[in-house]
């Protein structure tokens, strides 16, 4: 393992995660330039005034997660600048290493054709697990903030047994809520049993959903349909963690007078520093592999 | 057991706990009058316009917890009214039953001399346990809100192994934080071991306190003295749950640039409905015992 | 879903799991014949006297898990009979349904060529999870029986983060042991972190293995080599759960004077009834699917 | 704190706990003589041949827990010798320090009148907690050994919420059993709720006891009376941990055909080394306090 030290990074765009990432890299002794983070109040506020300055002399360029909106604009919630995907590529020279989260195939192809080595750190399984964990803890925080009752003893339904479902149900159980997880596969049902949690079938939620005080959806499909919502208790709280368009028929929920909270991009909001640390670890791992490859 | 039903309650003063308590009593079918809760937006907003109307016809009068400030004023954060302890007593007729939380001996003596049966529901051990649990969950919420990192994996010190210490350390452990509890008694150390938590000695915190990311005090004594604070890491978070004057040398903490958060009266803030439910259960138990006594 | 009732089963060979399975099927109202279980003291003791009688009239024939030894003999620890794989096939008529656990491709091909529908229930993911859970609990029992100390507080290393590793580490953690799990993949390390457990790298166990009081191997590879064993504490306990040839260099362990316990086929030994129930559920699911197919 | 080292101990009588205690003391560098442990296979087998030799030159004499039977005989399950309480006292000179577990007032008075300083280490709250923990883990082991099913998912009733009840319910919950605890005090009910466990009333067990697969009694009173036992399921397992005469109407249980297991003195059986360690820690604490007192 080659230690990652004394390198030159540019951190471009993103939310407080990117800001914290820039700080973590700087405190590890690297040279760090930033751009597109000017409203973070810390390292980004002292950033470069243009993109070309920001990448000058850097070996590694880090874009946020997700890197771009669907129209090709860089994700820059802490900046007034409008930066396009092509601006980024135009600013880079070949042989540079570009890190970005969740980028499309077109961008990958274009970067590759320009000789830029692009790594989508969102494809790192370890990072997605760490993100799921931060998201799950953030969901607990949102539930606590939204409820006039304790989580302890509350009847909670977690829809979906993917990474977030697994980790969220664990945390709710750890706070002594009464947790049921819904899934579709018999192997998932076996796991849910083995974890001591209640189980339900995501395909037949209507039958049992009126038992729950709290319903958290993690499935990116319309599982909380009008029909299912019709059986939800009026005083229940629904939290939808699924990425757009979400898993809830929001019109039906509004019509029924149900409380629905959506939460997206939780890691950058609830724990930017832990999120940044997870990204840093992934980037260091990739750099280590690159350096080992170069060294041979 | 006599069922508690069709009774006449007056709920006077207090925070959202009292408001929720009035609602819970009403939804159990009782007649409920309120006063001194007019800014709660719900049941209190439709309350009586004066104290004498509010107690007219009621058998049971419920004051908040704590009922009075040290100057004898009723605790009425949701009201413009100034109500004195003596106003309350003057408004009541003998044989009425008065419930109040944490009242002084003078008030008890005075109520008794007027023939009013007074019950301090804060003296109910079961209620204080439920309150401690709500407080512990609220402390978790505050920690989540205050930290740029996850609780999961964070090194937490909980000072004190009373009710709140026991329940808070359990919840932090349930969220996979690394939890150490400090205490002073060898039997507490044995319990802490048996619960799988780390242990420290409250009398020698200076030695180990620099290991912790999060420090939560539950002890109503100046345990976080200038000397101990001097060893706290600059990036650590201190949460003081001890009632006034608190367990932290705040001047020293400010001088040292340490982050200190105080949290008082958490139950009414983070989970007023669960708090109200706990009070209701205690009040029902007391009424049951009274009725059983009367019935014999 | 077609309910599974009033059917005719033959349960042939196996350990107490098969015996309990026969009882469970009988108490569900099915007709159950047994053979090769005569020493079970219950239902098998009243079984048929020959294989052909035992399968006569039955629709579903159930063999144990594992069904056969490598020489083709049926696994019959509770019987004096020697039954060969070909005896079984010869005794069956086409269109019968045969259930067996972990059978080889040759047997599958032969059964198929004879028109017998064969289902290897060991291939059911849900069943292997349930078996892993029973195995993990059995491992806890063996550790308790083997140790002059409590598990609580003991430093435990679980090698491998497959099903058994996941479930065993959970149970040890639930008993307040200090649990470290070793793995090889970065995604496994992320999971182990998220579960609040310690982590180690299976490839470099030598470095840290002297810290542990208890070492449980779940990996079917020689991970506890002579070199690694050389660093194990003399008073440590090693439990090897890996199927033959196991994960321990037993010669080296004996030479070093280390305590090594092997445990194979735990489900049938420690919890035959739960094991039988899990097999029954899998068989019912398969029958349901068959019946649904037939019904259409 | 004075370190306890280079002292002279005699360990007299007792089970494997005492034997392990003698070993632990020896491996701490003390001089250790034994008597009445000759069948332990280790340190006791090399013990002194008579009581007077065994105490010669020793400063601290350690008797087992419980020290004596009701007839005044020393508790010596690992010895052929019959040793009476008076033999012990006669063999000791004034100013010696005698440690013994659970001795009667008569013995205390007699020891005192002879100028022997006697400490009943069973009166140490920390030790009783550690013993309760070892007992609770031993109870889990016995349940695992006795059951043809997994504990995971089993419906368990723990009667009593004292030390053992608290710790046993925690361990069963940690193994994902479904745990209900019965108690009598409203404050205990509040704690049980806060720990996320089910609750029942010990005074009305008849109502709900037929729901349970496993019933563990920790209360030293006849809580499992004929009437209650009449509602226990025939396939349930009853484990009685209460000291003699136990908490079960054994005649009624036998008449009803119920499986009842009794377990007494578990610490010495299931984890003699952990038990010995706990006793050693208590003894060291007492010696430390004595030495500090002498030093002043």
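We just call them A, B, C and D in the order they show up, numbering each chain from 1.
In this section, a residue touches a chain if its C-beta (ideal position, glycine included) is under 8 Å from a C-beta of that chain, and two chains touch if they have at least 3 such contacts.
All of these numbers come straight from a predicted model, not from anything done at the bench.
The interface with the greater number of C-beta contacts, when A-C is set against A-D, is A-C. Chain centres here are Cα averages; for chain C and chain D they lie 36 Å apart. Between chain A and chain D, the centres computed from C-alpha atoms are 52 Å apart.
Inter-chain spacing, taken between the CA centroids of chain A and chain C, is 38 Å. For chain A, the set of residues that touch two or more other chains comprises 133, 152, 176, 193-195. The touch graph of these protein chains is complete, with an edge between every pair of chains. Chain B makes touch with chain C in their complex at residues 152-153, 176, 193-196. On chain B, the positions that touch chain D within their shared complex are 124-127, 129-130, 132-133, 167, 170, 186-187, 189-191, 193-195, 285. Interface residues of chain A facing chain B in the complex, by the touch rule stated above, are 16, 20, 133-134, 137-138, 140-141, 144-145, 147-152, 171, 173-176, 270-274, 277.
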